[in-house]
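There are two complexes below, and they share chain A, which is joined by chain B in the first and by chain C in the second.
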Partner chain A sequence: MVYLDHAAASPVDPRVLAFCSRYLAGDYGNPSALYSLGLSARQALEEARERVAALIHAESPKSIVFTGSATESNNLAIRGTALRNRKEGTHLIVSAIEHISVMNPMKDLQKAGFDLTVAPVDGEGVIDAAFLEEAVSAETTLVSINVANDEIGTVEPVREISRIVHEQGRYLHMNATAAAGRVPIDVVRDGIDLLTLSSNDLGGPRGAAALYIAPGVRIASVMPGGGQERGLRSGTENLFAIAGMGEAARYAGAEMAEEMAREQAIRDALVREVLTIDESYLTGHPTDRLPNHASFRFSRIEGESILLNLDTLFGIQVATGSACSSRTLEPSHVLLAIGLAHEEAHGSVVMSLGRQNTQADVPVVADAMARTVERLRSISPL
Partner chain B sequence: MEDRPQIGYSKKVMDHFMNPRNVGDFADPDGVGTVGNPVCGDLMQVSIKVEDDVITDVRFKTFGCGSAIATASMVTEMAKGKTIEEAERITRSDVADELEGLPPVKMHCSNLAADALHKAIEDYRARKKEVAAAPG
Partner chain C sequence: MVYLDHAAASPVDPRVLAFCSRYLAGDYGNPSALYSLGLSARQALEEARERVAALIHAESPKSIVFTGSATESNNLAIRGTALRNRKEGTHLIVSAIEHISVMNPMKDLQKAGFDLTVAPVDGEGVIDAAFLEEAVSAETTLVSINVANDEIGTVEPVREISRIVHEQGRYLHMNATAAAGRVPIDVVRDGIDLLTLSSNDLGGPRGAAALYIAPGVRIASVMPGGGQERGLRSGTENLFAIAGMGEAARYAGAEMAEEMAREQAIRDALVREVLTIDESYLTGHPTDRLPNHASFRFSRIEGESILLNLDTLFGIQVATGSACSSRTLEPSHVLLAIGLAHEEAHGSVVMSLGRQNTQADVPVVADAMARTVERLRSISPL
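For the complex of A and B:
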């Protein structure tokens, strides 16, 4: 099997699993309890907070709030700041290629009376800075733009975006789910007010995520309850997953340069080989993209068919932005936003690499892809 | 392949996707039907050969997802050997039933194969009329 969908799910790093499994049955205390078992759990929680803060160079571990998923972090960032700062303004800005866990809370707020501006991107997925500059106003509460897009891999010009947003003194939220641990992020240097991180994308277990909240950012709780996580995210902490996220963040930070250079070399070889197929194209930015990420489109064939063929015949697992693989059958809004026609967007294949991929995967995947494309084109009437 | 979970596809759908029957077209078809639109993600073309109002051969080409290819393949199997009247009575749900079901979300978009067959029959009838009406 060759697994190439690390943007969707990654195996837990065995070192991380060995570290955090003790919190399932051994050190199982509740971090809110005052006896020793609870205090030990509290200590583990705060260590994890320090490690996540270190990965993104946060000024203090206090800026990290743990949640249950990146979706929850995005919702907390968007709803929390929009509702808390409603008196100052009701205008929100989002880029056209955001994840649905950013798009949907934004649309909900629009229904509740907020003004929403969707900022366009160019053909390679880079935000239109001139449009953004024009759109941000004194009425704007929050601008939300991903650090890197999980579908086309494009990395946004973070510091330029930050400059534009902060000239008006507004809040900038960035979803770093796909980017953290793959490209360097420094929230202080880059001027990011809110940043979403996910455990699973770092090699940690599912069930934990984090939201970085810069000092002074006014934000309301969207999950009231027992007051955990500064009252912003109540609920007994999932210590196993959070401790795992902390450990995964530690490895991600320490090993990022070396591991990403390794994965990028594999990715570059993969791109070179796949693009030898007739009428195949790279989507997203050719160079400003995640080092572990390649996304393609193939003319005259459909993505779900490619996915099924690769999986069934060759044991190769990839993702697709094809409408036919989604529950709604809506075409990928990301691919349409970069200017692809509907019929072009249907032929997309996304490959995201991880630690278990090696150079040996390249000829296997390239050969399987060439055979798959040939087979499906022989059935296609186009 | 048999034991691996698929996206809600029956074994029969996967069999027709992996081993599609009657792929292609004819140099001199008696009827051709094309339905769908590549913009929607599915385009099906069914071609038929007819003798004495019996469909003697059927072929298809499809741009589309796994179930689009499977339904097109299945409809060619179902139509072969049937009279025009019998083939006309094949419905979308007959094709889905024969494939032991399709995921609900796929029913509308992917199962256009019966429509393509009906269009091919329409085309066959129109051509027949033209021949009958032709002078001499």
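For the complex of A and C:
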């Protein structure tokens, strides 16, 4: 088996699991409880907060709020700030290639009376800075743009975006789910007001995510209840997942340079090999892209057929578009946004690498891919 | 150590952990992915759904939506139905002893223009049925009442409540976080439209909870995104926690009668012993209460002091009020609702039993409690 869909789900790093398993059966206290078992849980929670803060160079662990998923962090960032700052303005901006957990809350706010601008990207997925500069006004309370896109790998020019947004607008939210631990992020230096991070994408368990909220950002809770996490995210903290996220963030920070160089070398070799196939094209930016990410399109065949063939005949797992939209027949809005025609967008394959991948995977995948494309084209009616 | 705060947090049942750990490192697929690893994840997800449905005798697994926490299930039930059915009516009813993750979304809706009635309970925590009958009207779109209360243990007359609500009102939501797996629940027979269940309270991992939604109930999503869980709860499913919840639900259903008889016998002995202490009183209903639950108040001393003494000197963990409100100095709204004066409410101690407790705990706890109360009263200024 060669697993190349780490953007959809990753195994928990065994070192992380060894660290956080204690919170399932032994140290199972509720961090809000006043006795010793609760206090040690509270301590573990705050230690995880420090580790996540350190990964993105936040000014203080207090700027980190733990949630249950990246989707929830995105919802809190978007609905929480848009609704809380409604009196200051009702204009929102989103890039055309955002994840649907950013896109859909934005569209809901649009239905509720907000004014939504969708900023285009170029053919390589880079935000149109001139458009953005034109679009941001004093009415703009929130702009949401991903640090890197999980379907085409493109890394956005974060500091330029931040400069443009803050000339006239209020807050910049960036979804770093795919980027955190893969490209360096410094929320203070980069001027990011809100940042979404996910545990599983760092090698931690599912069930935890974080939202960085810069000091002074006015934000409302979107899940009222017991008032945990500074009143912004109620519900007993999932300490197993949160402590795991903290430990995963620690490894991600300490090992990023080395591990990403390793994965990038494998990725570069993969890209080189796959592009020798006739009528195959890289999607997204050729160089400004996530080091673990390769995405392609192939003419005259369906990405879904490629995926199923690679899985069934070769034990190789890849994606076509994002896992979240895998059950619809619509072509990915991301691929349409970079200018692909419908039939081109349908021939997409995404490979996202992780710690378990090695150079030995390259010839296996390249060979399987070449044979699969040849086979599918031989039976294609197109 | 004698742990008696299972209402706040429970260790994961080792059998459950043995079952669901595979979804952390081996079977880590995203249930939305189309390849084999995704399909087996999807299968595990649906199997968990069947198991949770079976525990509460739902008509179909399709009626179960997985969320990340009981707080989230309560928010989805309350905000999702109130907002979706706004045109049919804007009157909401809640009992005076609901958990804050029910109370606070209700209060938020009140601020947003809904009309909220708080239904009183009697001195033993039982809902005032005559008041409820008077309050429910054709304008009432949602009534939310807990099956059992986690602070005073009282089990509500579910079928009577259901009959009253449905005479004129629309939906009945019941929070069964403390009750599921401890008292039999049959959502169809009992006439419940929406029911909240939590994984950890069943002995599963934190990070999963469920909302039962009866067929035909009109409900809106409160977390837009990738459209998982019938579009009602977006975000990649936390399969480790969900599969664990399913397995925990299976054990809870199969072993409820036997295990609850066992815990009730321990609880009854505990109550008998503790009530031999001077000026000690049981709170909540003497018989219609959760079989694993004992709650007391002691005159002239603080529950918090009792808790800290029991923890520090005897290694016994109990609660005073609910863990969620443990960090405020306010007396519990539940204890005030059953008619206790402020100073009476401050002397509260809650013990909630679990699988790890045995009859051997009874003399240990009773002795520690008697000594603690005596010691604290000897230094009390009151």
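Just so it is clear, the second predicted complex is superposed on the first by the 377 of 382 C-alpha atoms of A that agree within 3 Å, B and C clash if a C-alpha of one lies under 4 Å from a C-alpha of the other, contacts with A are read in each partner's own complex, and residues count from 1 in each chain.
Convention: a contact is a pair of C-beta atoms (placed from the backbone, for glycine too) under 8 Å apart; a residue touches a chain by one contact, two chains touch by 3 or more.
This one's a predicted model, so the numbers in the text were calculated from it and none came from an experiment.
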According to the stated criteria, A:S378 is in contact with first (chain B), second (chain C), both, or neither; which is it? first
Please work out whether A:A319 is in contact with chain B alone, chain C alone, both, or neither, and reply first, second, both or neither. second
Touching partner for A:T177 - first (chain B), second (chain C), both, neither: neither
Name the contact category of A:E302: first (chain B only), second (chain C only), both, or neither. first
Based on the superposed arrangement, let me know which partner A:V12 touches: chain B (first), chain C (second), both, or neither? second
Using the superposition on chain A described above, determine whether A:T71 touches chain B (first), chain C (second), both, or neither. second
Would you check which partner chain A:T81 touches, where first means chain B only, second means chain C only, and both and neither mean what they say? neither
Overlap of the chain B and chain C footprints on chain A, residue-wise? 304, 308, 311-312, 322-325, 327
Chain A-touching residues of chain C, taken from the complex the two chains share: 3, 5, 8-12, 14, 17, 24-26, 28-30, 32-38, 41, 68-72, 74-75, 99-101, 104-105, 107-108, 200, 205-208, 222-228, 234-241, 304, 307-308, 310-312, 317-320, 323-327
In the complex with chain A, residue positions of chain B that touch it: 1, 4, 6-7, 14, 17-18, 20, 23, 34, 38-45, 61-66, 68-69, 105-106, 109-110
Which residues of chain A touch chain B in the complex? 300-305, 308-309, 311-313, 322-325, 327-329, 331, 341-343, 346, 378-382
